[in-house]
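A, B and C label the chains in the order they appear, each numbered from 1.
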Amino acid sequence: MMDKLKKQLLGPSAESKQELLGKLVSYIAIIVIGGLVGTILVFLTIKGVALFNNDHFSLWQFLSGVNWQPSHHLYGALPMIAASFGVTVLAGMVALPLALVVALALTEMLSKKINQFCQPLIELLVGIPSVVYGYIGLTVVVPNLRQLFGGTGFGLLAAACVLFLMILPTMTSMTIDSLRAVPKQYRMASTGLGATRWQTIIRVIIPSARSDIFTAMVFGMSRAFGEALAVQMVVGNTTIMPKGLMDSAATLTSVITTGIGNTVMGTPSNNALWSLALILLIMSLAFNLLIRVVSRKGAR
Amino acid sequence: MKIALEVKNLQVLYGEKHVVHDINLKFPANQITALIGASGSGKSTVLRSLNRMNDDLATVQGTIDFHGININQPQVNVYRVRQQIGMVFQQPTPFPLSIYENVIYGLRLAGEKDKQVLSQRAEESLRQAALWDEVKDQLNESALALSGGQQQRLCIARTLAVRPEIILMDEPTSALDPVSTSQIEDTLVQLKEEFTIIMVTHNMQQASRAADWTAFMHQGNLIEFDKTATIFMNPREQKTADYLSGKFG
Amino acid sequence: MRPEKIDRIATIVILGLTGVVGLLIISLLVYILATGLPNISWHFLTSSAEAFKSEGGIRDQLFNSLYLVVITMIVSVPLALCAAIYLSEYAPANRLTSLLRLAIEVLSSLPSVVVGLFGYLVFVLKFGMDFSLLAGALALTILNLPILTRSCEDALQQVPYLQRQAGLGLGMSKWRIVTKIVLPAALPGIITGIILSAGRIFGEAAALIYTAGQSSPAIDYSDWNPFSPTSFLNPMRPAETLAVHIWKVNSEGLVPDARAVSNGSAAVLVITILLFNLLARYVGHLIKRRLVK
């Protein structure tokens, strides 16, 4: 009897085999995902630095040059960098206050019925593919801008408008979540002290949701920065330094989209596109870092 | 006296924090032993270490001797240990299945397929847990429809059905009303004929009513272990006397 | 000014701006549907696209989009679910785990055009898949994995710890607890997550133009052999999706009725997304009902 028990306790059982299987399966899954991220980072970095290592183009000229003429071996990416940042900041600047205003109206002012109608609407808008936003830009925004300001209508302003439409629902939905997360007691305590609704909003609600609101803004802007097709459809795609908002321009993403199919893998003009992609990658990491820093501060 | 489980030099650490210091205890077979002490005295931690429920949460050092085998070793099959040393928790947690399926859950896992054996064992376990008469006509209904006290007795039956030698109970009645509590206490007294029971309780009356032996713990140390009557009437240590008279805890 | 007056002004401004934004958004949706719906006909949905003539349909693009979602889900659901199980049940609280979580977050923040480039380089060129459904599905998997992993993990975490503890006390292995107790309880949440993420990848285009390709060769819907080159099931054929079609028709298309085709396609995309959302909501209601019971 003793030996039997000993054998039982020390030997494997159906359960211990199951556990081994479970560990194996889930460890493999997480290793695949971790490995995938590592591979993506390594590959994009290797391809991204090829222009500087293999083709000996100077990093400084790449970042500060204003001439992008692959046929003349000139790869100045500054116009695209500037255009990408320009449209992102422009879209974000307009979208943030409006997202905040709509979120405040829905969470603090409007009735439950209206909320029940708006919630699915916002979810739908968040889910609408960016290509559709780009197409609206092409058929509505561009003709209207042409009428208002003359010129072709294609350009930075059109791209910023499209991005604004695209990120507004996402930012609004995230801002609503952050305002809903503010405890009810705060509102009651503030009203109980005789504060008006506006005073409560500005002194209590917004400050306590501040870091989440900021996260929503950064998240929206990082989406805008990385958006390719919607921008490519309306920005005009000329790789020169834009001088005004109505000027045609090209962003990092739009140059990559149009260029990859027209260049041969491994040539300097193709490598230059990968270097642009590396900038995109670094920027998305930077946005990510920013969100982490902000939310860590908020948690404190 | 036969010993069901012996603990030697048991130490438990949560990271750097030392929560149980050098405990030595012999749990007598076919008896009820109660672990008492204030919150944070380490009594639940000791209990959960006995069938390795602390494996993921803490570092457990020392020997836990079960029939001459130290079960606190990595090469020991923890699932078999827990089939021999079962556990009932504070909150009744029936699975979202029928009453019958709940009782035979552990048996099914152990590979028992014979329908006759399963239904026989289900009845036996429900009778031992004093629940049979109340549920025999609704075995196929959801276990979630039972009252809290019934759910807890169902969980006891579920543990009994696996035929463990020892049953660990972590404050089994603290979430229940007084009537259910006394029903469960009566059940425990019946059960000790076949099983060894070790329980943690906050309730001093419960320990004095149900337990044969009582161990008093304070700040991670075992202060005193003796027959329940001796501990309550005639404690050797001043700390025990203070705790029992309600000076702290 | 008195606080009451400021409050009233602020309320008016906020509600006014909200009204303007709401009007803008609603007119946008109405515009998409109003210009698109007249172009949607049985003929439009069931005939193949034309390269130079008008009157082309979107049958193949629509099928490709749906088929691509299915292949992507076949690859990504098991992976994401198992990774979520690791994170929720097995992951120790240490540096490696937080590094893995960081990696998943990084993955979710990658622009889809970058993912498309990576897919082009690795799946299309290095693995020799050429422009194919499979290469597209793998690229979409990269986009889908982080969202799906997170929603699966959330769904698993919703199941109370007490249930797991009860299983452990009975001598069950963690894996058995997960598969027998936790997963069934978390299933509605997981399904909602899958449907929502399916909606997202259904409309994806940037990651596909250089992986699944921009062309849609003739396919045969009566050929059920997935290895036959003309079969509609063949995962190695290039496949233009609906979202890519809209982009393609507008940026380099030669069809005379590009507007009509894109209007119709955009409306179909939006309606499909709406259906996905409604389905996810319906499943969400099922969870609530189950919790109440």
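What we mean here is this: a residue touches a chain if its C-beta (ideal position, glycine included) is under 8 Å from a C-beta of that chain, and two chains touch if they have at least 3 such contacts.
Computed from a predicted structure; not experimentally measured.
Any chain touching chain B that also touches chain C appears here: A.
Here the largest set of C-beta contact pairs joins the chains A-C. Among the other chains, the CA centroid farthest from that of chain B is the one of A.
Taking each chain's centre as the average of its CA atoms, chain B and chain C sit 49 Å apart.
Mean C-alpha positions place chain A and chain C at a centre distance of 16 Å.
Rounded to whole angstrom, the centroid-to-centroid distance between chain A and chain B, based on C-alpha atoms, equals 53 Å. Shown for chain C are the residues in touch with two or more other chains, namely 171-173, 176.
Shared interface positions of chain A, i.e. residues touching 2 or more other chains, are given as 15-16, 19. Residue positions 78-81, 109 of chain B each touch two or more of the other chains.
Of all residues in chain B, those touching chain A in their complex are 66-69, 71, 75-81, 84, 109-111. Chain C meets chain A in the complex at residues 3-4, 6-7, 10-11, 13-15, 17-18, 21-22, 25-26, 28-29, 31-32, 35, 78-83, 85-87, 89-91, 99-100, 103-107, 109-115, 117-118, 120-122, 125, 142, 145, 149, 171-176, 178-179, 196, 199-200, 202-206, 209-210, 243-244, 246-247, 250-251, 259, 262, 266, 269-270, 273-274, 276-277, 281. The residues of chain B lying in touch with chain C in their complex are 51, 53, 56, 78-83, 86-89, 91, 93, 95-96, 105-106, 109, 144, 155, 158-159, 162. Chain contact summary for the complex, chain A toward chain C: residues 15-16, 18-19, 21-23, 25-30, 32-34, 36-41, 43-44, 47, 98, 101-102, 104-106, 109-110, 118, 120-121, 123-125, 127-132, 134-136, 138-140, 165, 168-169, 195-199, 201, 222, 225-229, 232-233, 253, 256-257, 260-261, 265, 274, 277, 280-281, 284-285, 287-288, 292. Contacts from chain A toward chain B in the complex involve residues 2, 5-6, 8-16, 19.
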